[in-house]
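Below are two complexes that have subunit A in common, paired first with subunit B and then with subunit C.
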Partner chain A sequence: MAKKIGSEALGRFYKEGSKVRTRREWRGVKDTAYDFSRWLVIMGTLGKFIIKPRNMKAMLRYRWMANYLAVPMMVDRHTQGLRGEYLRMCHAEQDLIIDDVAKLLDKLFKGDRRIGNDEEFSKKVVLVDENEMTAVMMGFPMLETLSRETPSTYVPVLLNQHSMEYYMDIAEEFGLAPDVCPMPEAEAGVSINDDAPVLGACAIQCNTTCDGSLLGNGVISKRLELEDGIPVFQLAAPLRHREDDVQEYAAQEIRNAIAFIEKHTGAKWDWDAYFECAKRVNLATRCRQEWLDMNKTDYPQVFGSNLALYTETNYMAICGRVPAFAKVDRKLTKLAEKAYKKKKMMAKEYRHRAIIWGVQSHYYFDFLLWLLNCWGIVPLTDMLSMVSTKEIAEVDTPENREQAYYDMAWLTENMIMRNRTHGGYKVLLDELWDFVEEFNADMVILWEHMSCKALDGMHGMFEDRAREKGINLVWVEHDLFDPRIISRQGVRDQINNYMRTVMREEPIDPSLEVLPDDQSW
Partner chain B sequence: MKDLKHLLYFENLLLEANNELVAQAKKDNKVCVAFTCESVPEPLLNLEGTFSVRLRAPRTGSMEMSTYYMTSFLCEYTRALLERALEGGFNFADCVISPDGCSMMNRCVENMELLKTMNKDKDKFFYEFMEIPMKCDENGLNLYILQCRNHILKPLSETFGIDTSEKALRKAVEEHNRICELIRAIGDFRKEENPRITGYEFHILTLATYVAPHYLLIDKLEETLEELKTREPDAVNPYRVRVVLTGSEIDDMDYVKLVESCGAYVCADRFCLGSLPGRVPIELNDDDDILTQVCRHYITHSQCPRYMNMPKMTGRRDYINELAKEYNADGIIYEQVKFCDPWAYEKMVGGRVLEDDYNYPVLTVDRPYSIDSGAGQMRTRVQAFVESIEIKKLQRGGING
Partner chain C sequence: MCKKCKCCSKLPWWSKLLIATTGIFGLLFTVYFFNLDMKLTAMMEPWLLKWYDHVDRDKHL
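Presenting the complex of A and B:
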């Protein structure tokens, strides 16, 4: 019976005060066996990682490392209710992301002055921001592109909702106003607490998504450059990225960044490697476009966290540099096409077609799946997945080498979130309603990340436009990294209230309406 | 001290955005160019036939409409501006030029545009948004020049027929410099041990130069400078300590007054809408074109925390140290308008650096746009700071501890 989609009341797996769920989901023999085999693979990845003494040392040195115990639970959250192709899609991408993060951690600790202290390795490392497009590293295959913020700040919140509270408090105790965005705040807190690995020949920072992110970099670079002696290049990507008269500036920033890396690492830019990466970037773009096209039909296939989490990783952090992701791009497309042909659905009932806009809650990333399972709201796409659809030059010619600087600049300007939070109201406000039409959506769920000034600054205009167009607009407030401000249930309640009072509907799975997951990973 | 002859006049100018000098300039058929941020080079807005007004919203009360449009999480300065625009308080403007400086200011002006707040029945009205460099280098300078050309000079020339020739720009810079020289000369009196001008009076004079047409102000500023040359300070200095006031924009007339009422003399004003570095004259040479020189001046002198490269970051703190020495300050007050992200970070780091590395007593505070709504708390903070500096002086027997 549990083989059927929606046959289990998913809310029953949660227990008050518990970090983990009461039991694994029964999905029928085939899917349960598959899911369990993938669980074993994940445990194997974690085992291989922790067996190294230096990684164990790092586990004891860095407070945020403890969160990685929750990796299997994170995958379980994102596979709730999934069967068949959707379950396989989720595992294909999540297992790869886990493997990629494990390798990242392993390399960080290898070069970390406090842990592995491999100086030769460290000389090959270029540090990058967590929210930074890594396009500028596409021609440096001989170097290691490592982000410290990804494993210390970004991933832990996906694993454990409470993981960054400590670091945010550190930053505030140090004097930071508590109304800034919790993401750069937490990153600054890690740096203030001297809780990030120290390694690298140099670092590239970028003014990524917002003023907070830009200024938070200042805190980190102060420690990196002035205390740890690691030179930092600030890559300034234009804010009004759709304007023609900023593109030359952006391209020159890329040239300067490459020159900086060459100077501090001794490495030489490799055009062959660059164009190989460019091909993979284009493949990812084509695949994503195909998934989005499917999502415009009655049978969307790659959506929800399957789309959001993977796009964030693949588009921005990977940016064509890791061949394994191209393989998964193809695999996901194949699975999606297969399910599409059979007119399969991810949940037993689709009631509403929604565009998810704004900056999603990081401590509740599986909310998109909850929307589907609880209320039958299909999250067709989300703001962070609506990134560049432009294919870049991928053939090595003299003209394309010059074009490549503009392409890298374009990608950097259009990194996730930033391509909407910067660039004027057209990319944030106007294009939302174009997508609503394209995707034939009847609902917009608008994340209101309280500290995101770029989004909050358009609040009234979103309301006005939704009213004009007769679209159901549901605001969902949250504080990105801090569930103490608005809990997961607080997030859910905003939807529950809207669905019951405005839409006058009953949930598809009532057990999910209220969940005792305040303490849950 | 005897009151300055024109102080009341200047104070009255600051009570309304649409003050009597703005009205007079409009009568003179001049085009009013409204702007919102120090990153827009002022001399380029004050050409023959134009005058600039830095937007502010004096006597702000309720901000309900702008809070609906931008939520209560955006800084009150931007909300106050939008509210005033919605009320029609900026209808005197003929165009708005705004940089994409901070997200909040950008959204504020975008809302003004979307809600058609100022352009009703004005065929020629335009909004221009500029990309401002975030680093002080050649690439940034080239961008700045291009942006000023495309988003200031070109639209002014094409829309209103304004002369933007080299000669016109040089004249505008010279007039701008005249204002700067006057303000700096007046400000230099603050270096005196028993100063003959209060920080409040100086703030009023400086503020007026941002919000009123320059050509109508010069006479009274010159007269004030002359008056100050012979002005006698009080026999006993009423202030207990001297502070550098630094941080985000201050256009509230009462803020400096409140700080000084607590016994802290504001000897240097390093904030947006202050004189340091906003009223540093632009040195011109005959080698480069004027636009390049103006842009180079702004990119070099700007102390805005959105400049993200390391020399600029460390330079901001060095600059405050230099000011503190030059103006003989006992302490530093870092302030930020509540919800201002750039200054939230700069205040934290700068405050720590000035305290730990330069050994200054530092007070860091956030404040509402209009100090009326938080005067009691602010007074307590500043009073305690003044006392702490005094105690340190007593304990260590000298200035700066």
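Presenting the complex of A and C:
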């Protein structure tokens, strides 16, 4: 019976005051067996990681490591209600991301002066920001590109909604204004609390995503350079990234960053490796474009968290450097094509076609799936997934070697979030309405991240345009990393109120309308 | 293994393997289905958080 999509009320797995759910979903024999087999694989990845004494030592040293206890639950959140191809797509990407983060953690602790203290390894490490395109590392396969902020700040919020509250409080305790964006605030808090692994030959910081991230970078680089003796390069990518006259400057920044890395690591830029990565970047772009094209039809296939979480990881953090992601790109496309041919649907009913715009709440990333399961709102695409679709030069010729600096600059300028929150009203406001038309959407869900000044300034203009075009515009306020300001239920209530009062609709799955998940991971 | 009837020792190797595999499968599936893995780790979290409070740190701006 539960084989059918939507046959189980998904809200019944929540328990008041509990961090976790009462049980996992029964999806029919075939899909439950598949989900079970993937759970075993995830447990294997986690077991292999924690069995190393070095990683156990790190688990007991770094507070943010406690959040990794919730890894299987994160997967459960993103697979809620999924069956068939959609369940397989979700696992293909989530399992790979888990494996990739486990490897990242393992390497960080290997070189960390407090944990593994492998000095030879540490000399090969280049630290990069959390929200930084790693394009500049595409030609350094002999070096390790590691981000400390990704596993200490970004991933924990996806695992446990409360994970960053401690670090945000620390940052504020040391004088940071409480209305700063929680993302750079939490990153700064980790550094202030001496909770960032210390390793690396050098670091590259980038002015992604905004002045908020510049603030966090300042706090972090002070400690890195002045105390840990790790030199830091500030890669200042232009914010008006669509203007032609900034591109030469942007390319020069890339040349300078490469020269800096060569100087501090002794490594030499490898053009063969670069163009190999460029091919994989283009493959990812083509696949994403195909998924988006499918989403413009009546049978969208790769959308919601399946699109958002994977695009963020693949586009920004991987940037063609890990061949395993190219394999998953192909696998996802194959699954999507198969489901498309059969005219399959992810939920039992599609009522509205929505574009999700603005910076999404990280403590409630599975909200996209909730929209679908509870109200039948199909999140066709989201702002963070609408990144560059331009293919970059991938054949090694003298002209393309010069072009490559411009391509890396373009990717860096068009990093997720900053390519929309900065660059003028065209990229943030005008293009949204182009996408609404292209995707034949009747609804826009606009995240209003209350600490993101870049977006909040245009509130009135969004409303004017929505009124002009007759599109249902739903504002959803949140505070990115801080569920104490607006809880997950607070987020849901904004949609519930709109759907009941303006749209006069009843939910598809009423058990999901109000969930007791305040204490939940 | 039952001492009185010694029936287990008479079983062929493949049926012992089958019983063991089924037992392990049943156990793991119970853990999976009733979310026992997450229930256990949820119990560990408060203990870990208390532990971190005692770790020495050079906390400053």
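Rule of thumb we're sticking to: the second predicted complex is superposed on the first by the 521 of 521 C-alpha atoms of A that agree within 3 Å, B and C clash if a C-alpha of one lies under 4 Å from a C-alpha of the other, contacts with A are read in each partner's own complex, and residues count from 1 in each chain.
Criterion: a contact is a pair of C-beta atoms (placed from the backbone, for glycine too) under 8 Å apart; a residue touches a chain by one contact, two chains touch by 3 or more.
The structure displayed is predicted, hence computed values, not measured ones.
J.: Tell me which partner A:D442 touches in the superposition: subunit B (first), subunit C (second), both or neither.
T.: Once the two structures are laid over each other on A, A:D442 reaches no partner at all.
J.: Applying the touch criterion given at the start, work out whether A:C210 contacts subunit B, subunit C, both or neither, answering first, second, both or neither.
T.: Only subunit B is touched by A:C210; subunit C is not.
J.: State whether A:K19 touches subunit B only (first), subunit C only (second), both chains, or neither.
T.: second
J.: Using the touch definition from the top, say if A:D493 reaches subunit B (first), subunit C (second), both or neither.
T.: neither
J.: Looking at A:V219 after the superposition, I want to know if it touches subunit B, subunit C, both of them or none. Which is it: first, second, both, neither?
T.: It touches subunit B and subunit C both.
J.: Determine, under the contact definition given at the top, whether A:L40 touches first (subunit B), second (subunit C), both, or neither.
T.: Second partner only, subunit C.
J.: Looking at A:F174 after the superposition, I want to know if it touches subunit B, subunit C, both of them or none. Which is it: first, second, both, neither?
T.: Both partners, subunit B and subunit C.
J.: Contact-wise, after the overlay, does A:M73 reach subunit B, subunit C, both or neither (first, second, both, neither)?
T.: A:M73 contacts subunit C only, not subunit B.
J.: Could you tell me if A:E391 is touching subunit B, subunit C, both of them or neither one (first, second, both, neither)?
T.: Once the two structures are laid over each other on A, A:E391 reaches no partner at all.
J.: Any idea whether subunit B or subunit C touches more of subunit A?
T.: Looking at subunit B versus subunit C, the one contacting more residues of subunit A is B.
J.: Which subunit A residues come up in both lists, the one for subunit B and the one for subunit C?
T.: Residues 174-175, 219, 222, which sit in both footprints.
J.: Sort out for me which residues of subunit A touch subunit B in the complex.
T.: Its residues touching subunit B are 171, 174-177, 179-181, 188, 205, 207, 210-212, 214-219, 221-222, 225-226, 232, 234, 236, 238-240, 243, 245-246, 248-249, 252-253, 256, 421-422, 424-425, 429, 448, 450-451, 453-454, 456-461, 463.
J.: Enumerate the contact residues on subunit C facing subunit A in the complex.
T.: Answer in residue numbers: 28-29, 32-35, 37-39, 41-42, 44-45, 48-49, 51-52, 55, 57-61.
J.: If we count contacts the way the header does, which residues on subunit B are in touch with subunit A in the complex?
T.: Checking each residue of subunit B against subunit A gives 68-71, 73-74, 78, 100, 102-104, 106-108, 110-111, 114, 129, 131, 133-135, 139-140, 142-143, 146-147, 150, 305-306, 308-310, 313-314, 336, 338-339, 341-342, 344-349, 351-352, 364, 366.
J.: Can you tell me which positions in subunit A touch subunit C when the two form their complex?
T.: Those in contact with subunit C are residues 18-24, 26, 36, 39-40, 43, 59-63, 66, 69-70, 72-73, 76, 170, 174-175, 192-195, 219, 222, 521.
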